[in-house]
Amino acid sequence: MSSINILKYGVSSPSDTSPLKELKAAGYEPGDVLAVIGKSEGNGCVNDFSRTLSAHVWEPLIPRSAVTVFSGGTEGVLSPHVTFVVRDSSTTGLRAAVGRTRTLQPHEIGTSVHALEVSSSTRSILKESGIARDQVRLVLIKCPLLTSEKVEIIKAAGKTPVTTDTYESMAKSRYSSALGIAIALDEVKECHLDEAIRSQSTWSAKASCSSGGELEDCHILIIASDTSSGGLRAVSGYMDDAIDAKAITKLLEQVDREGGHVLQVFAKAESDPTGNIRGNRHTMNTDSDIHSTRHARAAVGGLLSGLVGETRLYVSGGAEGQGPPGGGPICVVYRVAA
Amino acid sequence: MSSINILKYGVSSPSDTSPLKELKAAGYEPGDVLAVIGKSEGNGCVNDFSRTLSAHVWEPLIPRSAVTVFSGGTEGVLSPHVTFVVRDSSTTGLRAAVGRTRTLQPHEIGTSVHALEVSSSTRSILKESGIARDQVRLVLIKCPLLTSEKVEIIKAAGKTPVTTDTYESMAKSRYSSALGIAIALDEVKECHLDEAIRSQSTWSAKASCSSGGELEDCHILIIASDTSSGGLRAVSGYMDDAIDAKAITKLLEQVDREGGHVLQVFAKAESDPTGNIRGNRHTMNTDSDIHSTRHARAAVGGLLSGLVGETRLYVSGGAEGQGPPGGGPICVVYRVAA
Amino acid sequence: MSSINILKYGVSSPSDTSPLKELKAAGYEPGDVLAVIGKSEGNGCVNDFSRTLSAHVWEPLIPRSAVTVFSGGTEGVLSPHVTFVVRDSSTTGLRAAVGRTRTLQPHEIGTSVHALEVSSSTRSILKESGIARDQVRLVLIKCPLLTSEKVEIIKAAGKTPVTTDTYESMAKSRYSSALGIAIALDEVKECHLDEAIRSQSTWSAKASCSSGGELEDCHILIIASDTSSGGLRAVSGYMDDAIDAKAITKLLEQVDREGGHVLQVFAKAESDPTGNIRGNRHTMNTDSDIHSTRHARAAVGGLLSGLVGETRLYVSGGAEGQGPPGGGPICVVYRVAA
Amino acid sequence: MSSINILKYGVSSPSDTSPLKELKAAGYEPGDVLAVIGKSEGNGCVNDFSRTLSAHVWEPLIPRSAVTVFSGGTEGVLSPHVTFVVRDSSTTGLRAAVGRTRTLQPHEIGTSVHALEVSSSTRSILKESGIARDQVRLVLIKCPLLTSEKVEIIKAAGKTPVTTDTYESMAKSRYSSALGIAIALDEVKECHLDEAIRSQSTWSAKASCSSGGELEDCHILIIASDTSSGGLRAVSGYMDDAIDAKAITKLLEQVDREGGHVLQVFAKAESDPTGNIRGNRHTMNTDSDIHSTRHARAAVGGLLSGLVGETRLYVSGGAEGQGPPGGGPICVVYRVAA
């Protein structure tokens, strides 16, 4: 278990690693890095090479035990940036722990096996780090997807892929990851796993999962708050739908009341699967030019940026199993006068 | 000059004219319609046939003197709908007047000739309707664009198109329309027209202009507020940038103070031409998969929908000459207890 | 049964009906029209309103018994146009017959019920028109798709949609239509229907099916060749993959040998589901910016246009059940000196 | 001057450098590499990070003097691959030479300064390598583009960018590069440079230029044929329009006559700027969902792949100054029995 700090910096491109200099200027070494979490400027979908490029340039610069979570897509006003989670020798009030699952076989992606690997790895990380479940504010996961080649590998092995649609595999992978988190945090009972896989409708209030072609295992980052001391805090909630400004302002008002200022917001966004928001039709699911995850990031990113007053926010698209359908979890990390 | 009412209804597709039944149920006849203003669900760009389809199905149903303004693009949470501006025999507090310019020749689109046609038509409409400039809350214009064929026609005639890029012609057309409004409303002096065309940086605080391939002239709708009596009001302002939540909440708070409830919001959105919002980079101008107008509508539509609490809002993309660069005008129409 | 002629004309937009004048100039009346088959310039996917617009402007101009088949997507070099199938009082050598299925309920789309409706309607049309199976060169079908609303209607009725992905519903609908054709033409036995629905891998060599949101039933057009007399002929074959130039040149060489010239080519195109073409990877199935049907139309349209020497060709995307996987049927209609 | 060989290999992703092993198995060392030319699977436009990723992984593996030319976009049937140009100690019949211009300042991109830098560098490379102008079959250039940041840098310096539209800057950059080649090869006289910049309509028959955000200078590769000995040859021609199959078959027939087989084809493709191909309208310039360069690559890639019989071909989009408007140069490299 580490006491941590959170710092974020804009990047000029997916291959920009200059924030490392800024991190050093702020008094941290590359060896202190637990995680690099970034929004990169690709389409956030199957063929998003901005994520791969970012992972590629950052991984040689940070410890092998550190994880990267690059989420593609800075639609609308969102600004490409990286957020560092770094070990801090002082007691900051925030703690974090990271880990990985084993490599998932292609045919396991998006299945109950995937969910169980995530839940057991998450539990191990919690146990080793001494973080209690009720201190967890956010579990951030980067998980793999299916490409055409992986689909063919699965079929050649006589197995059945969870889907043959590569874009849809991202949703299936996110859902299994979220379900694993929900089980690890006791939001869902493990005995309900099969039913949850069937229904695709269970959810965690703390999960933020994004899929990518740049990895084969799941990268897991847990952020926990311990308000007993230190100036850093994290609070979480969830939006009931994609225009749930109240859920956001409620969290921001808490920050205000405590005299804090926002360091970072981690949010998930998705298009409502019913095709409606508060009774009115949206067109995110019938737009064959722009995938719904891109629409959702743009809209929720616009709302969050307006309310927070800045655009370097972590808004990730596709909230299957993460918050209520059509909505999504939010975690606000902030600093108060210590 | 007509006292008017504003009513809006969702549509199930760009060819859905069932709102006419709802209009009748609300006590109005097709002959009362001054304007049909719609958000249709195409890409809002050059090849947006949802706009053409909507104009096509609506125009036979309304008086010849009425205008249609269909703005394509319901990115993110925005919901396809139509807003009727109808004559009302009682004194409502809101007035409106409509008109058209003459047909613009292809080589005139986006030029100072275009701006002058708009300004003279707008002035005529104001004069005939008896609306004073300071009562104007919104001037909504639908204006033409250049297609490949029009570009070739211009070249064949030995003339020079304002641009050979069909998507960019939409921006040029919006700018000239907005400039025409600014001149008609005395926001810009006519003697500064040439300079304003050169700089492409002058703006009106009341203009909302959108381009489309479905017409050859400009459709003009003016909405004015006369608070001396009646229960309908309109208030306008403008966003300084695409995340200017304060500009919106200021208007919404005024509605609240007056005990009103929002009937409709008309907003313009654009990507900041500098590539930055409050010092942080955005990627709307370098995304070659999604045009910047689509990004901007999604983001500002998300913010507005969150703050207003509903998604059937008129958010139009491309705010050249409409509000400050990167921002855009907003007009809130609301009803108070009469 | 009617002896028919085939005429094609370019259009300036999806709402351009001026080809009707050209048809009259060629000696035909609107009442002679059996079918209007068009390539319109939308995305050819779920939200393609160019198809709806074209159907909307054409249907009032042709007999109620005539069918429209608008296929969206003129990617690459393809040129928007309409092809008329008109009754001809002389014996031309080509015959055609048209019809429709009953309206399909949303939950039936893409199922075996859908396939059976198509096969029984196709058989009826063949029987009534006296066209023998071995004379059939092409069966062209336009069939419905699932929108978000239809998916919700199905769920509300306690039924299960064939898919909840609106884009994928287009593929399922095409496959069921093609399977219906295959059964009607005795290419597949009806007793193998369930297995064929499961495998999604059976195919017809004469089917060309496209899906659209602009209709609820299936429009069916059958083109048959009777070489006993007249100057019009049709020959069909199929491409084994998307670069099978030999399959095309073989048909064109036959036309040449008979001293004919091409009137129209009807082709289907699709991305190979394995992700490979002749052993080399393609990226159509992993491109989250452009759907695979658009890629396939552009590529096959480029090949066909180069070989035929013109761009007003009917190339439709998504060849599920139509020709071998990754390939697709081709039908060349041509005129010889009578 | 080096005698060279040409080898090509498929890649599984933009970061796949496994072809280096295949190159070694074929008897070459990384130190032999003069150039790595690749088709990567991004959008080929401003935000194509597949190109950047490929350049990033390959540059550390090849000599500093070697150049990379990654062209984004494998639309339609095209297959991602890399082509190596390697020094060969035997006399192969093909020669190549590479070099770079100095770094171009942002305000120089797409101007006559850019063209002059290319022409002088090209001339120097020709002179140093002893390649005669009439032996040149292809000059391949990778050149920079303008991003939002570069546009702001130019403006901040009180200078004027050649365009503020980042996508359009790619076209301007390609044109200036092509013009530089045309001057170096005496296809255009240097005294006509200013006029050529104004008209944007002059062209080289040997140029193939692509723009990218991954470099600041121009990478230049010249391929020349010396048929006096050796088994490798190159022949060049150009397509008059995007469906000019005859131009291709003419070259392929020459290869056949000489008993050769094709090693690689380098082609440029573009949408005809008039909006027509052989008198029929195309929609590549009015499609606001897919940029015209993507359409053109897909269509010409489909035609070439069909005629050549394979899909690992170098088809680059945007042929401004490269071949006649709407067409583009083609260079076929082939091997004959020595």
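By letter and in written order, the chains are A, B, C and D; residue numbering begins at 1 in each of them.
We take it that contacts are C-beta pairs under 8 Å (C-beta built on N, C-alpha and C of every residue); 3 or more make two chains touch, one makes a residue touch a chain.
This is a predicted model, so every value here is computed, not measured.
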Q. With residue numbers as the basis of comparison, which of the pairs B-C, C-D or A-C duplicates the interface of B-D in over half of its contact pairs?
A. A-C
Q: Consider the two chain pairs A-D and A-B; indicate the one with the greater count of contacting C-beta pairs.
A: A-B
(Q) Roughly how far is subunit A from subunit B, centre to centre by C-alpha average, rounded to an integer in Å? (A) 38
Q) What whole-Å value do you get for the distance between subunit A and subunit D if each is reduced to the mean of its CA atoms? A) 40
Q: Give me the residues of subunit B that touch two or more other chains.
A: 12, 41, 43, 47, 149, 281, 283, 286-287, 289
Q.
If we count contacts the way the header does, which residues on subunit D are in touch with subunit A in the complex?
A. 12-15, 41-42, 47, 49-50, 52-53, 56-57, 149, 213, 289
Q. Any idea which subunit C residues touch subunit A in the complex?
A. 43, 45-48, 147-149, 151-152, 164-168, 273-276, 281, 283, 285-289, 291
**Q.** Residue numbers on subunit D that touch subunit C, as the complex places them
**A.** 10, 12, 41, 43, 74-81, 242-245, 248, 277-278, 280-284, 286-287, 289-290, 294-296, 298-303, 305-307, 309-312
